[in-house]
Structure formats: structure tokens, C-alpha cells
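The same subunit A turns up in both complexes below, where it pairs with subunit B and then with subunit C.
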Partner chain A sequence: MKYLNFLIIIIIVFNSNFLNAQEQKLKNEITKNLRCLVCQGQSVYDSDTEFANSLKILVERKLDEGLSEKQIYDFFKEKYGEWILYDPQFNKSTYFLWLLPVLMFLLGGAIIFKLFIKKKN
Partner chain B sequence: MASLIGYYSLVFGLCASLLIVFFCIKNFQNSLIFDNKVLTFTFLQLFFVIISFLGLIISFINSDFSNETVFNHSHTTKPLFYKISGTWGNHEGSLLLWLLVLTLFIFLFLLKSKDQSKKYRILTLLFQQIIIIGFFIFLIQTSNPFNYIFPVPSEGLGLNPILQDPALAIHPPILYLGYVGSSIIFSSTLAATALNYVSVDWAKHIKFWILTSWIFLTLGILLGSIWAYYELGWGGFWFWDPVENVSLMPWLALTTLLHCVLILEKKNLLSSWTIILSISTFTLSMCGTFLVRSGILNSVHTFANDPERGLFILIFLFSLIFLSLIIFFFFHKQDKKKYNFFWLSKETSIVVNNWFMMYFLTVVLIGTTYPIFLEVLTSEKISVGPPFYNKLIIPFLIPFLFAMAIGPKLKWIKSDIKDKFYLILFLIISLLLSAFIIKNLNINFLLNTVLVTSAFYLFFITTRDFFSKGLKNLSQNIAHFGFSLLILSILLNNIFSSEVITNLKVGETLQLDKTQIKFESIEKKNINNYAAVIGKFQVRDKDGNTQILNPELRIYNQPNIVTSEADIKTNLFTDKFMTMNLVQNQDYFNIRYQIKPFMIWIWISVLLISFAGLTSLLKKKNYEN
Partner chain C sequence: MRTKTLFSIFIVFFLVLFFFFYKGLQNPNIYTPSVEIKKDIPNFEAKLFNTNELIFSEKVFKSDKFYLINIWSSWCVPCRDEHSFLLRLRENVDIIGLNYKDKIVNAKKFLNEFNSPYRLILSDPDGTIAIEWGAYGVPETFLIYNKKILKKYIGPLNENSLLEIKRMIK
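Let's turn to the complex of A and B:
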């Protein structure tokens, strides 16, 4: 464990300053959307735990390997489950999550239209 | 000793409740005038709860570790201020505060409602007593703040250091005044419904309580947000964290209610909708308490984790909802009035406001609770974070802002749009200005331009209204102006924020094309309950201006936790925000330096919004006199 820490630190120290700005920005973007699994409701970006730091490095490495943003999310989803993604994907179990608010909005609009506007005409 | 008095005061308070209920029922049936005994007992109840609360505060001040709550959440080396604020920085104490606000508000309500009918006042008191009794039992049964431990420990476990902060010390009381204050809206709505008194007069009377809760809730959320900004050290101010969301939901409901009650006041319409909103507001507050206290949520704020407590609140919550539904369906007489207004009118614009507010509320509600339900039903765990809320809320914000600009200009029943020249002129100016700001930035041009345009539009229109309308509708205009300022600052802050993350050791300098950060020195200090490591950094921007920033690491003794204190240099245009963190076993420190434009305007705009509520309250007073 100690060696691992040491390794991680070395990597952080030597890596972080050489990243180009664009990649740094994308890395921040991605780590903001990953949940730090050992924290209470913090993103990987916001956290300074060992877990979060090692994930930051992992994201960097994946970016260096040339993976796209979506591929990286898929990689983490595969590894840790969907719990780690702050941006829930649109699939069978999240249809309701994404659509229900919009449906409610349409329903509200329909009620307003029926009650107030149509009656008048 | 103080604990003992505190505990028995609670028991006496509960007894007072029973007496109040007894006299209320007697008074309701028999007499024509309001029985002053009821008022006396309500005061007595408030008095007992205050004594109990003081008892807990004194136990905290004296570090009386024979009290379990004090033992768990205090320490002798803690500064006096945080010993006191520790009283409500924990589950038991914060519930006692709930109870204090519940009893305080009903007492104030009775004092302020002398011109109302006897039956209405008594029924309101009765419904409020149901809530109060529920909380008394909850407190005494499952979360007694005065539990005794023997043998008496010599030292306490201490308060979580991130709660040791001035903003957070006053955040709970202010937030609770709003949160729990909505209970009085709930009780009086049920009373008014049962007596078929939901009318113009009632709307005028209840508006005071809606505004009061709303102002405190707004300020409470603001304080929490400011605290999160400088204390959590992430540089953000809103995280869509579930616990933040549960305070936002009652706020959204309350804001909707505030607009809806205007139609009831002026046109005697939408009474059912007003009732539903009033009930929802308090229900959402209770839901929030349930979600936070049951420990279901995974959040930074969770400090209680006990299924028994969660279950109690859940059952209590469902009984209250059930009670309100019964009263609503059996007593409420639907208004059969025709909705007699033209599509372009103030009524429509307020209904549109309600429509959008309800949508925002739905998004937050579903986003917060959906993961819980999904996990229970399918044991699948998902996270719903900022991207979800951004995607669903931002597109709807655009028409909402436009409606906010135009709506207040309309008249009741039927209206034309006047001042077409100015409306179009300001639209063009906003559009050009936004396009100019956005065009050279590497972000989505169309979405951002439209968004910033809508915010600028509201900003310009409300600014002009200060001059063209003068004192007419001043509170409304201040509130809308404040909201435009809020959205503008958030947008520009988001667009123009920049940051540098790096590792440095003492003496090193980081040279970037725009900034230079020099880690000059480090200093160690010992203060009462923590040891501080203070870094001295010299930051030079591209114009050659230098500034010294002193971020700090604090190693607290009890409990042993390291926190990182940001150093923030604020001016009117931008915040410079720096935190440092330890890199383990190394001489290096992890430095995060952020430049955040217009931060202070976010706080100022929210203050303006609550100030608008205050002016509305004061104006109402002048009306009555």
C-alpha cells in the first residue's frame, strides 16, 4: 500500500504539470461527473482522497490512450457500476427519471390550456 | 442539573399540549369568544420548550458530559461560540430547535390573528398541536437530547470541524424558521379549508406568513450555500446534493404559493390549487426532514443514521398527508366560478409561473427520490448529479426568464402589451451583448447566447421598470431584478471561471502563460482546538499585479480531522480562491487556485430577493394601518 501511495504521488507530481490545457479541461469535466465512491456525496474532482486521486490518474491515462469521453464513462461504469456516474444514462431503468418531469410539464400545460384558455374561445 | 430541567420541561411542554387540545375543543364548541386560557397555555408551552432549549445550551456551555448529546458533539477546548452552536449541530438538538420554532410560530400566530374568527384561530392551533405533539413524542421517544450517561466521561468527542464555522452556526436556525415556519401555513390552510374560509380575506392574512417563511428560507439556503463555498473547499456553491435539494423543494413550492395566492387575493380564484400548494410546502419540509434524518441519503450533511427515527417520521408524515387529504376532499367546496380572463393577462402570466415552478419542483423531486426508489425496487444503484439537473432545467429557464420580464407588465383580466418599442429594443440589445460576450469563447454558441440573452433581457426590463414604474410593485420588481442578477452572475461565473491545480513545495514557483504562483513560505500555529499550517503564496497575474494568499490546513484535536481552509480574496468583479492539501509523506502540497468572477453578486442577488420579500411585508403593514 505504501509503495502504491508513493507511486501515485510520483505520477501526480510528474504528470500534472505536463498535461496540455485542453486535456486538463476534459479531465476536469470527466472527473466532475464521477462520484467519489468512498466519500459522502462528493465528486472525484472535488475530493482529495486516495481513491479520488487514483481515479484522476486513471482518467488521465485513459485520455492518453485516446479514449473518448463516452468510452471513459463506459469503462468506469463497467468497473464500478452505474453508481459512479453523476449523469445517469438513458436506458431501461432511467426512462422514468428522464421523461417523467417532461411528461408532468406537458400534463400541466394541457390542464392549463383546458381550464383557462379553451373555455374562453 | 440543566439537563434534568431541560428534560422535565419537555415533559411539561407535552402536558401543556394535551391541555391546549382539551381547552381548544371545549372552547370550539361552547363559547363565542376566544378563551384566553388557550393563549396562556400556548405561551406556557413555548416557555417550557425555551427552557428545555436553554437547558441544552447550558449543558453545552458547561461541557456537561453526563449528557449524551453533549458528550457526542462537544469538547472542552472548543470556543464558546461553537459550544453554543453545537446545540443544534446534531440530530437531537436540531429536532429540539424544530419544536421551538413550531411552538414559537403558533404563539406569534395567535397574537397576530386577533382580527380573525375564533373558530379559525382555534382550529389552526389544533392542527398545529397535532404536529407539535408528534414532534414531542418523536423527541422524547427516539431522540431524547437529555440522555444521561454514567460514569460521566471526562472529555467529549467533539464537533465535526467543518461545522465549526460562523455561517453554519446560524444557518440551521434561520433555515428552520423558514422550513418549520411553513407549518403555520399548513395548519391555517387546513383550518380555513375546514371552515370554508379560503377566500380573499384569508389570502390577505396568510400572505404575511407565506412571506415570513419565504424570507427566512431564502436566507437560510443562502447561508448554507455561502458556507459550502468557502468551507468545503471545492469552490462551488451549489452541488445538487440531496440535502440541498430538500431545502430547495419547499422553497420552490413556497415561491409558487406566493404567486398563486396573489390570484386568490385579487380575483378569488384558484382556491383548490392554493390549498394543495400550502399542504405540499409543509409536506416537502417534512419529507426533507425524513430523508435527512433517516440516513437514506448519501450526502455530506447526513449526521443521523437510525432506521427507527426514519420510520417514525415516515408514519407521522403519512398520517399528516392523510389528514390533509380527508379535510381537502370532505370540506373543500370547489369554486364554481368561471375563469373569466383573457389569455393575455396577469392571471395567465401567474399561472404560467406556477406551471414552470411546478416543473422545476418535479425535476428536483424526481431527481432526488428516483435513485432511492430504484434501489429499493431493483437494487440497482444510480447517481443523479448536476448534469441531470442542468440538462432538464436550463432549457426551460429561457422561456421562464422571458415570462418573468413580460408577465408583471400585464393587467388583470385582459391586457395589451404596451411599450412594444422598449421590449423589442431591449431584446436586440441583450442579444447583441450576449453574442459579443460568447462569440470568442470555446463553448456552445447558440445555447449560451440564448441563455445569457434571456437573463440580460430580464435584467434590462426590470432595471427600466425601477424608473418607469417607480414605487408601484416595487417588491415584485426588486425580486425579479434580483433573480435576473442571480442567473446572470451564475452564468457568467460558470463561463469565465478558470483554475490551476498543481503540486508545489516551499520555494517553488509555477509559471503559466497568464499567472505565476510562488509558494513563499509555510508557518505553523497552535490555536485552542486545532493546529494550523498556513501557506503563503504570491500570485502574479498577467498585468503584473501581485497578491498574497494564505490558504490554511487545520488539524483539529477532537475529533482528529484535517480540514482545508480556503483563502478567498473578494472584490466586486472576481473572487480569487485558493486551497491547499497535503500530499501524503511528501514535501509537496496540492494547490488549487481558482479565479471566479462575479461570485459576490450571487450572494448579493439572493440578499436582494429576500429584501424584496421584506419590503412586501412592510408595505402590507402600511396598508393595514
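Let's turn to the complex of A and C:
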């Protein structure tokens, strides 16, 4: 019985460590995707400003409250606008940004294809 | 002939691209927050600065009434500049202070020295309430009516913002 209790305690301790590590990983991932608005060009994760530090605390709190990654992004987007996200979503003002590489690829491909066919013929 | 057409399409495409990017260069590439926001005020709970008692935001802001919420700190130099303007606004509107990442002793010293324009002061020791408001530094001031943010003033208040606030709350 004594051993069983000991085993259970060990399992609980290891599991909570695992959960903490998971949460920490998610927190880092989220803060890496948020832009620090004070020293722009740095993510919240990299920045050490008052603003970024508060944001880190808030992300942790929101994770504890059970919010998902997307809900947390939406929360900050609502407060500060799209600008705070490093990974802009596909919408009216960003479609050019997302579609341009595809367009370039297709155009380049078409030119190469044309030249290739022409040479072959 | 076909190569020529293809070449022209190519040129036009890059001209259009150049135009877009050139336009884009003229946009500011730093964060410029919008100041006219018709957003609901956030719900939060905070400790009262004087008594350390917990209070909900619904109890602080009533409908059909103008409020100013001013985020300040004793270590913030521009806050000293705007303090005289807040004192002048004290009679016109209820000013709620949000003491941002401050030491209580320093904040109290600041208020003793410059006088308090605030009807109520809330504490924000870790800066998270300021983020709920969408602020990103001190000082920042929000004009509120009917639990909605009418306007946001980033940086210290000045003569112009004082006149504007007075005009808006008339």
C-alpha cells in the first residue's frame, strides 16, 4: 500500500511537470507570434519592455482561464488590431500579400514552360 | 509575336507591382493606434489604490455619464506634464486613475506633491489592466460615455486635448 501511494505521488508530480512544460511551450509559441508595439520589430517573447512583460503575464492568465490559442490571438487583435499578429490572417487587406507569391510562381512557371516548349519545337 | 505579348504582360505586371509597393512604402510602418474608437469598455476587476479592496469595473462606470480614465505612474515624466490639465478637468468630469506598475509609496508621494485629480484610483501592479484597455504605455487617457470609449489620448494631455474634452462633455 505504501509503495502504491508513493507510485501515485510520483505519477502526479511527473504529470503536472509535463502539463506545465506543455503550457510553457504554448505560451512561448503565442508570445513569439505577437508583436511588441513598443520596440517594434521584436516579438513579445524577445522583448523586455513593460508592455511586453505585462502581455506575457496576460497570455499566461488567459491560458490558465482555458482560452485556446486562437481565442488569445482574437483577444489581442480586438484590442490592438491586426498589427499585433506576426501571422496576418487572410482577409481583404492581406489577400495581395498571400496571393502574390503564388501569382509570381505561376507567372514564372508559365514563362519557363513557354520557353521550354518553344526550344523543343 | 507571342513572346512580345508575354513580354508586355510581364512588364505591365511588374509596373503594377512597383506601384503597389511604392504606395506601400508611403504607409507608416510603425504601430499607429486609432484614437476614435467606439468600443465597449473592458470588464475587469482591480484593487482600489487606497484600501486594497477588490472592485469590479461595472461598479466604477455608470451609464449616461462621462468619465476619464487616466493611466499614470509616479515614475513617468510626461505624467507630471499633464497633471495640471487633469486638475483643471477635475470639476468637469469624474477622473478615474489607473496607477500603472508603481510603488504605492512613490505614488502617494506624487499625489501629495501635485494634488490628486482623481475621484477614484485603481491599482494595476502588473500592467495587465492597461492591456485590457488596449493601452501600451503611460500616460494614456480614455474618454468614456455610456460605458463606451469615445476617444483615446496617447501621451500627455495638452491644451488642445483639454479643450476638446471640455467640448465633448458639454
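Please note the rule applied: the second predicted complex is superposed on the first by the 98 of 121 C-alpha atoms of A that agree within 3 Å, B and C clash if a C-alpha of one lies under 4 Å from a C-alpha of the other, contacts with A are read in each partner's own complex, and residues count from 1 in each chain.
We adopt the following convention: a residue touches a chain if its C-beta (ideal position, glycine included) is under 8 Å from a C-beta of that chain, and two chains touch if they have at least 3 such contacts.
As the structure is a computational prediction, the values presented were derived from the model and not from experiment.
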Name the contact category of A:93: first (subunit B only), second (subunit C only), both, or neither. first
Touch test for A:38: subunit B only (first), subunit C only (second), both, or neither? second
Is A:55 contacted by the first partner subunit B, the second partner subunit C, both or neither? second
Contact breadth on subunit A, by residue count: subunit C or subunit B: B
Quick check for you: in the superposed arrangement, does A:83 touch first (subunit B), second (subunit C), both or neither? both
Contact-wise, after the overlay, does A:114 reach subunit B, subunit C, both or neither (first, second, both, neither)? second
Interface residues of subunit A shared by subunit B and subunit C, listed 35, 40, 81, 83, 96, 100
Please name which positions on subunit C make contact with subunit A in the complex. 2-3, 6, 10, 13, 17, 20, 30-31, 33-34, 101, 126-128, 130-134, 136-137
For the complex, give me every residue of subunit A touching subunit B. 5-6, 9, 12-13, 16-17, 28, 32-33, 35, 40-43, 45-46, 48, 81-88, 93-94, 96-98, 100-102, 104-105, 108-109, 112, 115-117, 119-120
What part of subunit B is in contact with subunit A in the complex they form? 232, 234, 236, 239, 241-242, 297-300, 302, 338-339, 341-343, 347-348, 351-352, 355, 358-359, 362-363, 366-367, 370, 374, 378, 380-388, 392, 396, 499, 501-503, 510, 564, 581, 583-586, 588, 590
Quick one: in the complex, what on subunit A touches subunit C? 35, 37-38, 40, 50-51, 53-55, 57-58, 61, 79-81, 83, 96, 100, 107, 111, 114, 118
